[in-house]
Amino acid sequence: MNKTFRKILVANRGEIAVRIIRTCREMGIISVAVYSDVDRRALHVRVADEAYLIGAAKPSASYLNIDKIIGVAKKCRAQAIHPGYGFLAENPNLVKRCEKEGIVFIGPPSKAMEIMGSKTASRAQMAKADVPIIPGTLEPIENEKKLEAEAEKIGYPVILKASAGGGGKGLRLVKKKKELVSSFRLARSEAESSFDDPSVYIEKYIQKPHHIEVQILADHSGNIVYLGERECSIQRRYQKVLEETPSPFLDENIRHEMGREAVKVAATVDYRNAGTVEFVVDKNKKFYFLEMNTRLQVEHPVTEMVTGIDLVKCQIEIAAGLPLAFRQEDIKPNGYSLQCRIYAEDPDNDFMPSPGKILHLRAPSGGLGIRDDNGIYEGYEVPMEYDPLLSKLVTWGQTRAEAIHRMLRAISEYKIYGIRTTVPFFKRILRHPQFFAGDYNTHFIPSMQKEIDGDEPKDELIALIAAGIKSYCESKGGLGFRKKQKTSHWKTQGRWESLKRRP
Amino acid sequence: MNVSFWLDDKEFRLKLTQTKTNDILVTLGENKYRVSVEILGGDEILLNIDGKIHDVIVNANVTSYTVYVNGRCFQIEKKSALQILGPKTGKQQKANVNTSMPGRIVKVLLNEGDEVAEGQAVLILEAMKMQNEIKSPQRGRLGKVCPKAGDSVETGALLFTVD
Amino acid sequence: MNKTFRKILVANRGEIAVRIIRTCREMGIISVAVYSDVDRRALHVRVADEAYLIGAAKPSASYLNIDKIIGVAKKCRAQAIHPGYGFLAENPNLVKRCEKEGIVFIGPPSKAMEIMGSKTASRAQMAKADVPIIPGTLEPIENEKKLEAEAEKIGYPVILKASAGGGGKGLRLVKKKKELVSSFRLARSEAESSFDDPSVYIEKYIQKPHHIEVQILADHSGNIVYLGERECSIQRRYQKVLEETPSPFLDENIRHEMGREAVKVAATVDYRNAGTVEFVVDKNKKFYFLEMNTRLQVEHPVTEMVTGIDLVKCQIEIAAGLPLAFRQEDIKPNGYSLQCRIYAEDPDNDFMPSPGKILHLRAPSGGLGIRDDNGIYEGYEVPMEYDPLLSKLVTWGQTRAEAIHRMLRAISEYKIYGIRTTVPFFKRILRHPQFFAGDYNTHFIPSMQKEIDGDEPKDELIALIAAGIKSYCESKGGLGFRKKQKTSHWKTQGRWESLKRRP
Amino acid sequence: MNVSFWLDDKEFRLKLTQTKTNDILVTLGENKYRVSVEILGGDEILLNIDGKIHDVIVNANVTSYTVYVNGRCFQIEKKSALQILGPKTGKQQKANVNTSMPGRIVKVLLNEGDEVAEGQAVLILEAMKMQNEIKSPQRGRLGKVCPKAGDSVETGALLFTVD
């Protein structure tokens, strides 16, 4: 038997719940899924050992409802809860409740989570620990007078950010002094409506920035290791689109320097669990602490592909009190890995969400260095209530070029029909000479989108011919096409023999 | 058999002649294509066009075909030239804006009777945790604005009209 | 552009054709499939760039027909032909014909192929080169008198083998002298009817043998490297069932000794291409040369998983005259990998072939260290004309235990319905304590099959309940079950709300 | 609703009572199971039995259900006890041997009228490059032997009878 838990409740849905359940099964742990009304047929329910309905589609009634989740855990005697990412993953109340109920929370202690949950508190603590942070205020700006003074001190351009923010909401870039006050007011109002908290702080705006994060693991015994970085600069509206490791922008020295800083960040807050320290890196490779995500990250698979380490397994082992099975010098990342986030969004229509039924699905699985972490199946109805991530397609290669070409091949085999997805969008990125050269920063996608898309005119021709053939079959009632091959091969063989003479 | 299709407001005339049980000769303009066809079941069709393989999906409805080729999606209309060109050549027509996705109305930005510019946001629809501006496809005056803030709408529901 | 070929014809079908086409696509090479009448809808045709019909289902009319394949290659201007395994892969006539037509054969020179194609010729040449071979005759036995003399010299038990043989045909184990002559006659008759050649030779019978093979790569410049071994002792009727690397039986010294011998074998015949040197290893880890397979091997993926090296890519580069991109010291196998061969055979009915239509297919693709090289899809009709290999399910793990548990998890997600497959058979192997301990030899499967299968009685109960529910739905016309969810979530929500009170 | 099924010559009586839209209470012998059901489309059924998930496939035909559970396949007969037990309890019946796979007959080993032992090979059928011995299910005398060497047979075809 395994030395961790007999049974784990996975307090999440979609691809990440499926991914966690898979590791549970590999570890011999009984997995328990929870699901909302619209998720009765979701893949994470289908692959789980046990599953319990916890409420209505609205997250507050189900996936965000601590009472209901704790209720199921107690009823089915789960010894631990894995929160995945999103939903309750960074909610200290669940951690505290778990402590009270004697259930292990597979994550950090509540105190580390609380500190990192506040952008200003974490900045302050990191500044104290001599971790480099972006010049700016550490506290919310109280009034417009202080705002102007700070902006002068830092120097334009500056950026205004919601203290409680994330995902680009309540963000404002200010290039000139005259835009400062109006931007401040807008940012506060957005922050208020998005997060119930109007607090806004100010920072130096980093030009041509890279968004690079470092994966760490920390156990109960104070062992902390870093597992290399992930380059997350391919973003659209502050949302990550494609991630890769190693970053084509970093060199070995900076890489290890960032790794050591990430370990220091974790140590500073007595961290425990897998975690990610996010940095912004300027064009001169100077890096600044941005925030720490105290949970499994969406893009964790690329790190797994180059290190061979199952991060969810590590999380579970750490939560069970086991020491890390390896030391820093044992971690030798090998090769290159990319991840494409496939969303139910229409890239030809301003990335509008596209929920609905998946009528046809063919996902690539074969060949070396391919991984498809999805949460869907043919016939599945993607609900409109949750985020649109359908799948994370991941490739590995001995070289970065090999990983990219492998991704293009995998993308060419990925067929999702019935809803619109971002699958075709990735071809544009992957084939872009700047991306291929590894020469990009967070401005890449906006500038790429301004370029004209070099559509294949050939595809249009094929589509017309296909429609013509379909129309022909309809009018002739299918005529002669073997819709279902019920007759024997031998009987029909002669009929097709003539086709061999086709030039 | 001759057919006419419309794709991106352009007309295409195809001539289809069956030559063998699974073979069709397709003529499009000056060009001829020898197409060997396998119906794979469902909407999947495997085309072998002069040796080149194309694994496509064709979903038919009354007025159009939705064709997936190499991950791209083409909407091929069966409508005749007159039906399509009508609204384009005549004077500005009334536009109905329907929603392409289900969701909840977060905010209605303009009222019935208001002037709108082409591309101006009329309301905000939330689906999959994203807020999406629904914009007017043309300049004009708002006729009906159907849903109120807080309403849920199904795919295809009329959101507003522009006169 | 790539520096190898513009266009390659893949002279094969099934999973291996698909696998080669994938690498072609990743290398930017146009892939050309050929197909027989019954393979018009095969997956290898669907994923190719181009495809040409070459004849009737019977292999001699299509996949074995050199004229037709060369004809297509010339017509479509393919610069090279990849033969896969089986069919023409080890036919020197194709190699010679390619040379004549100015088409590159992606494989070894015809001379190396010819030597290795003959068991006796290869044994003789290896004996001369001081490669250890099993004691026995090198030439076919001419008469029964010589037979008896040889058997005495070698010592019982001995084994009789068809010179032209393979796959267990024409094989006879002789334990005692009095069985010798009758076994010899039977072996000759079997060899005659199977291979049109009655030649039989005699060898010492190795007790508790392991079948272990070494992967090598050899380029035009005389560089030859070995990429570790594959343990292939899990066999049923002389057919490999499950392969793994590294072998749990070998130690580092023997491993490298075998690697160096394999390189010597390849050098002896001026080899070029990927190749596999097969050894039989006795219980004292003494190893003997068995044969060399001058082509890609069915089980090559496990080597790819631990080395990260795409063997098909290497084959193509070597054939194009490029030198190997790495040296022996650069090859550092990492972790453990297993492969399960999923066949269309019924394990509950003496492994009878089970061709037919795949009505339902769910293949595992997600998570770290999973690979599924298959040649099927939902709706595909597995033809009865070709071999029954449907898929090769491969896992990788940091430890052997991790790779095994991952395989069990993947197997639990593999659903093929409509035909019988060997999927459930692998659970028995993988869960067997002897297999898990790595303590097995070629006798493992026959002895495991004598044990009583510990079926889960729970599965039977579930099946009964499921049939009951199906019957209930049929009789009530589906009643109330949401067969298709056409109404809105909001409208139906209330109806399901009551279910939350389920205990 | 009450149903009787046969599995491996054993009878099972089930009682099914619908309690909610998607919930059925199943009684089998002494035991009760609360089953929540989702029909996923096609033959896929998702069962939640007292919290435990079972993702099964049930294919129905006139006389039986083929159920796939955890990769294993169960043949559950709808036939009544009498129909099933008939041949077992009476004296030895005539047996028809049909082929479960299409293939080509390589060799016919015995002739009509020959005595056969249980498990003795009667003919050899080749499919998927494998030669398979087709054996007699019981001791007796061969009645008809239908195909000749070289014949092709389809799934379900009668191969021979044993009297």
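Order of writing sets the chain letters: A, B, C and D. Residues in each chain are counted from 1.
Keep this in mind: a contact is a pair of C-beta atoms (placed from the backbone, for glycine too) under 8 Å apart; a residue touches a chain by one contact, two chains touch by 3 or more.
These numbers come from a predicted model, not from an experiment.
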*So which has more C-beta pairs touching, C-D or B-C?*
C-D
*Taking CA centroids for every chain, report which one is farthest away from subunit A.*
D
*asked:* Distance between subunit B and subunit D based on Cα centroids, please, to the nearest Å.
replied: 49
*asked:* What's the distance between the Cα centroids of subunit A and subunit B, rounded to whole Å?
replied: 31
*asked:* Could you pull out the residues of subunit C that touch at least 2 other chains?
replied: 40, 47, 53, 384-385, 412, 496, 499, 502
*Which residues does subunit B have that touch at least 2 chains other than itself?*
22, 36, 38, 41-42, 44, 102
_Of all residues in subunit B, those that touch subunit C in their complex_ = 22, 36, 38, 40-42, 44, 46, 48, 51-53, 55, 102, 152, 154
_Parts of subunit B lying in touch with subunit A, wherever the complex brings them together_ = 1, 3, 5, 7, 12, 14, 16, 18, 20-24, 26, 28, 33-39, 41-45, 47, 49, 54, 56-60, 65, 67-74, 76, 78, 100-103, 127-130, 132, 155
_Touching residues on subunit A, where the partner in the complex is subunit B_ = 344, 346, 348-350, 352-356, 359-360, 384-388, 411-412, 414-415, 417, 420, 423-424, 427, 455-456, 459-476, 478-484, 495-496, 498-499, 502-503
*In their shared complex, at which residues does subunit C touch subunit B?*
33, 40-41, 45-53, 76, 379, 488, 490
*Over in the complex, which subunit C residues touch subunit A? Could you list them?*
15, 18-19, 22-23, 25-28, 37-38, 40, 47, 53-57, 301, 304-305, 308-310, 334-335, 362-374, 377-378, 381, 383-385, 396, 398, 402, 405-406, 408-409, 412-413, 485, 489, 493, 496-497, 499-500, 502
